[in-house]
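You will see subunit A twice below: alongside subunit B first, and alongside subunit C after that.
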Partner chain A sequence: MTPKFLQSSRRGFLGGTAAAAALTTLAVPARAQVEVVPLDRYQPDYLTAGEWAFVMAACARIIPSDGDGPGAIEARVPVFIDRQLAGDFGAAADLYMEGPFNPGSDAYLGTQTPLTPARIYRDGIAAVDQWCTDNLGSPLAELEPEDQDTVLRALSSGDLNLGDELREFWALLVQNTKEGYFADPRYGGNHGMQSWIYIGFPGARANYLEWIGRNEAYPLGPVDIAGERA
Partner chain B sequence: MRNFIHILFAALLITGLGFLAFITVPVQRTEPQTALADDWRPEEGQGEYAMRLADCAACHTAPDGELFAGNRPIESPLGTIYSSNITPDEATGIGGWSLDDFRAALYDGVRPDGTHLYPAMPYENYRKLTEEDIRALYHYFMEELEPVENRTLQSDLSFPFDQRWGLRAWKWVALGDPGFVADTDDPVLARGEYLVEGPGHCGACHTPRNNLMAEAALETPDEAFLSGGEIDGWTAPPLRGPDSAIRGWSAQDMAAILATGRNAHAAINGEMQLVVRDSTQFMNDEDLQALAAYLVNLNDGSTAPDRAEETETEALLVSADPDMPLGPRLYLDNCNACHFADGRGADEVFPELDGSSLVTAQSPTGLISMILTGSELPSTAERPSSLRMPGFGDRLSDEEVAELASFVRSAWNNGAQPVTPAQVAELRGDAEAKRD
Partner chain C sequence: MARTDPKRDVVIVGLGWTGSILGIELAQEGLDILALERGEDRSTVPDFRYPQVIDELKYGIRFGFMQKPRNSTITLRRTLDEEAQPMRRLGSFLPGDGVGGAGIHWNGQTWRPMENEYRLRSYVEETFGAEIIPEDMTIQDWGVTAEELEPFYDRFEYMAGISGQAGNIKGEILEGGNPFEAPRSRDYPLPPLPQTTDALMFEQAAKAMGYHPFPRPAANASAAYTNEYGMQLGPCNFCGFCERYGCINYSKASPQTCILDALKRYPNFAYRVNSEVLRVDLANDRKTATGVTYWDEEAQEEVTQPADLVILAAYSLHNVHLMLLSGIGEPYNPQTGEGVTGKNYAYQMNGGTTLFFKDVEFNPFAAAGSSGISIDDFAINQIDFAAEGFIGGSYITAGQSNGQPIRGIALPSGVPSWGAEWKKGIGDWYGHSMSIGSHGSNLAYRDCFLDLDPTYKDRHGRPLMRMTFNWKPNDIRMTQFMRSKIEPIAQSMNPDSWKSSYKGDGARYDIRPYQTTHNVGGAIMGTDPNASALNRYLQAWGQHNVFVMGAGAFPQNIQYNPTGAVGALAYWAAEAIRKDYLPNPRPLV
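Moving on to the complex of A and B:
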């Protein structure tokens, strides 16, 4: 079950965009393709080296690279997650974080943990890696893909018993992976608009009225919020 | 508002003739145009309404400053002029001014001590105000406003533009007869004519300047009146004649754009936004209808320009052909979402670009500025939502803006000259300088 109010809010996104647009309208356009740091040399803003390895490994299993389209790694989803955790989302800036907390209450009552998303990742990763080391001999990132799948499956069904406060860790990880895969590239993921190309989404162009119902592919590639074409 | 600096050039020209006499001979003040009883009092709200019609707030209030406390900077390459504090403060405003002093500022552009005011203050037009409006304004500024202490900053124009006495010669040439005489027997049209020629000072922007930089015409019968002007590089389009921006508009279209800043064809931008925000949206129905009737009559007999319904531009945009040139491609990627493939937008929300006077104006300044910085329609009582067009300065390079602007200027039924990247670079520089 997706913890609804942990989702990065769409209104916040849009509001942020408008504000950013207002502030940057006059900035000299940064059109020259910014060189992207390869993932193995990326310096995370929030995650430690070990946590980064965990997120890389988990994302690679959630949207693997050997399927039809791009995987989470090609889309640089881990960068998206790291940047979200380093910012307001990670700090739960938009959430009500005063008590009382009752993390053990019925899941239908929504998220009741006192932990921020950044903290859930930190403690959740530590707990899962501890479990892997105790039971399989090494942290998640160093396991074989099949073993990683087994662990993640167990995590998803609650079998790892991370405790009530970390109950949402799995849901959060999956949700943020999807977001990083499909969000606008300005947030670090969806590199090169690869996921949009894959599903045929025209991006921030937002109007292709005349093509609706034509039952043929729209010929133009997507555009992102920064105006780049792919 | 900024163009008046050229007026100073003209003034200089005349002062060059070297008549020292008029520095010393006192200025004659214009008499009241109608005799009103001494105890004449405006009705409740009449003064404030007259202030709205004449839009005194737009110029006399600084951005984020107190209402009417002045010091709105009016920039020019030769220096800055600051509007005056016109609250009734004795020390820094117009407290203590007599009715005659006040009338002389509005009719003759002089202060009580005889100093000439720069024509940034539109006394060329206010000379047509009725005595009722003068009295109502006087009552409003003297008795209905609280004094605000705020010393008007010294305008810092360089010599010889700081020599105000030179303006006297200019006024001899520039000013028309005082008082308003209608060009029609129809009372509704006459009211519209008064609003436009007098308090609304529409001609200050929409009438071309002659070679002395005075308004080329001040009255409706003269065809130069409202035949199009320029303000700060933006074109204030012709409101009459073959190129009229409002040809074929109905009275309802006219009233809508003045009351709400938007109608089925267009939306207002640049300086015109201040006119709607601070003035025309407050007009009562009767005046709005009179103004609309006047504008329709001014364009009497002209029909909306012929526009082909099906255009090559639309077909190209709808094809979404990946090989299309950069201009239309940029339009699809950036503008199509709101202004649509047919360039007709959506009534009262997204203005038409096909046939827009701003798009096809001789000077592309308005169009380039719109693309670089966007714009926000003012919120009005009738249409509170302040619709915003985002700026694209951060998305598009100078070359791209030039390609896009050139495309829009020649798309659909438009046929205006292309734009160069250098023109874009210059405006981008200006906008950054203003922001810093």
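Moving on to the complex of A and C:
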């Protein structure tokens, strides 16, 4: 419900909707996109071919392609994840990694695994694929979407018993998928700023004083750090 | 390898908010000052430049400006018999690192505590009787009063160009301000910020219920401003990247925008970066400090830096760590209640209700760090503790501060956290929710404290500091009381749906989700050397040439964000040093 006092308080920053529409069309069409490698020909920096297939399949279930808005695949999230794992994030460059490690500690005390995020993916993917092969006959990537969902649900609730050192695998996978969906395109995901367009986030515009206190949809599309518009 | 450098008059440990204030105040005395900062140098240009800093992944999620646990962290246990584990990744709080400290990436919500918060134990005993204080609650008085500190709040607020609306000037209650606040000598230096839709809706609802809404005081400038050091701020443009980011716009008060360029012009002031202080060195009789020892990252060697006066300004937690490592004050012992260093660590008890409105366009990305409308009708000085069964209070606010999507999109109950329904949920609800939050006190307890960890070490081989902390029933009752006040306001606003998140019975501290970087206590100020680590001028009781800044001085946490009080205390201590200590160095009490 729109509160009454807001319904009548639309201030005329642009002199009404027509001007707002005009401003929107002023936006320069996106500059020629840099040529992107199709995902099936992408050469991962960190993931092996099998791991890449797993990440493609898992991301596609975490943020599926059907319905409104881009899926993780359209947003090229797997590329983002591969690059993160190949870099400082994957190597736990910022984390305190001195022992002794007690990975079975109460989860509220924070992660205690001795494994880096890159290693958690490696071992986690191997363990889940092994479970899929043992119980369903093939690795995750080759299962039907419904079966993939069943496996991921079991992973999320800890039912696959991957052990304490891999306890965070699912949380990492979901978090990194959302990161790749929403982060600036410079990191390899959020292709074409599609996720920002979908939810209505203007990206790096960072200048909204005139829009404060107006109950009115912001009319401009997103801009990224490189200066591209969409 | 090791070297000894020539003696300085003053060495300042850490060049964040308090280090910068002490730096410039003491530079004006003509003293030869060296500030040692463990992190990198940082300036608005190039470090906070548009568009590079508008990068949620790098700064908001990977904590580009904050301390790296690999270099500095703590261990945590919730109870005396739990085995503490290291904080391997940042989460609950995000200490700063580098010139400007957390002062570059704070939100700028700048408060003054209530009068009774400075004398909480006396207030409770006088008003309700000592018997309502739980046996394990170790609250104390600060040893200073709101009246004594008023001129120093004024200094800090005028230095930082705070935008706000006074509610009480010298006892006169002013319409539109906080009528419950302690008297102030004059209005804020800048008028309040404009308000976002969520705040306007909350304001209307709160008024309709008879409460007293007012603009949250903000260190985001509402207009151009020049402070006493000649530093200039420009008006905040609601960039939506405030907390966790340096300001692109010279609008957020920080050491960079308010002090450092002026300070760097003093020829008697110098600073070194990548220089982590390892310990304060004490004289043989342990009655004074002789200087500090630090690690020179560039030279890869330990440096002994002699000085006549040592100012610890390394953030509350690191100040306490250095005191424990250096033998400043007797370490606190939770079994006996004796000892002072590390005593009364406290945090912040917050909660909130999220409201969903299909038809309202909140534009959550259009936000400043500290705009918002608050009420203080349930402040710590407005509650009958005996009747309600807890000691404490909260301020309550609505005011969006960012709409960054990775950091989280609020979704109605029942929407899953992944899959097709999640994707539909973010499309339906991004930009259509708001929240009303309570920001509350957290009191001090016998078994909430800081000491040295017996097992884990940092990269210099020093023991990590161990935090023993958990939520307590008194504070949980307080936050549940706030819930009972906020939910009716939320309902009166007729949202399509709403959901609440407040700590409940048996809640235990979880170090993973971000809560606040409001770590207080551990180096508490007071009037009794057996019960506090510092005297009322933030001077170490045992070493008169060591002064310790920061929220470590709070004997328990206030219901507000700390930096208003941290800034006022820094100016208060600076004045005591300038007027009283320098002419005659000695214990001031």
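Assume the second predicted complex is superposed on the first by the 197 of 230 C-alpha atoms of A that agree within 3 Å, B and C clash if a C-alpha of one lies under 4 Å from a C-alpha of the other, contacts with A are read in each partner's own complex, and residues count from 1 in each chain.
We adopt the following convention: contacts are C-beta pairs under 8 Å (C-beta built on N, C-alpha and C of every residue); 3 or more make two chains touch, one makes a residue touch a chain.
Note that the structure is a prediction, hence the values are computed from the model and not measured.
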Open item on the list: A:208 in the overlay: touching subunit B, subunit C, both, or neither? Say first, second, both or neither.
Closed with: both
Open item on the list: So in the superposed three-chain picture, is A:229 touching just subunit B, just subunit C, both, or none of them (first/second/both/neither)?
Closed with: first
Open item on the list: By the touch definition at the top of the document, which applies to A:218: first (subunit B), second (subunit C), both, or neither?
Closed with: both
Task: Which of subunit B and subunit C A:198 touches, first, second, both or neither - done: second
Open item on the list: Looking at A:38, would you say it contacts subunit B, subunit C, both, or neither? Reply first, second, both or neither.
Closed with: neither
Task: Shared contact residues on subunit A - subunit B and subunit C - done: 205-209, 211, 218, 223, 227
Task: subunit C residues within the subunit A interface of the complex - done: 50-52, 54-57, 61-63, 68-70, 73, 76-78, 82-83, 85-89, 91, 194-197, 200-201, 204, 235-241, 248, 357, 359-361, 363, 365-367, 371, 403-406, 409, 417-420, 422-424, 426-427, 430-431, 455-457, 493-496, 508-512
Open item on the list: If we count contacts the way the header does, which residues on subunit A are in touch with subunit C in the complex?
Closed with: 1-3, 5-6, 61-64, 66-69, 71, 89, 93-98, 100, 102, 105-112, 149, 152, 156, 174, 177-179, 182-184, 186-187, 195-196, 198-209, 211-218, 223, 225, 227
- [ ] Could you please specify the touching residues of subunit B with respect to subunit A in the complex?
- [x] 318, 320-322, 332-334, 336-338, 340-341, 372-374, 388, 390-397, 428, 431-432, 435
Open item on the list: Please output the residues of subunit A touching subunit B within their complex, sorted ascending.
Closed with: 18, 21, 24-31, 205-211, 218-221, 223, 226-227, 229
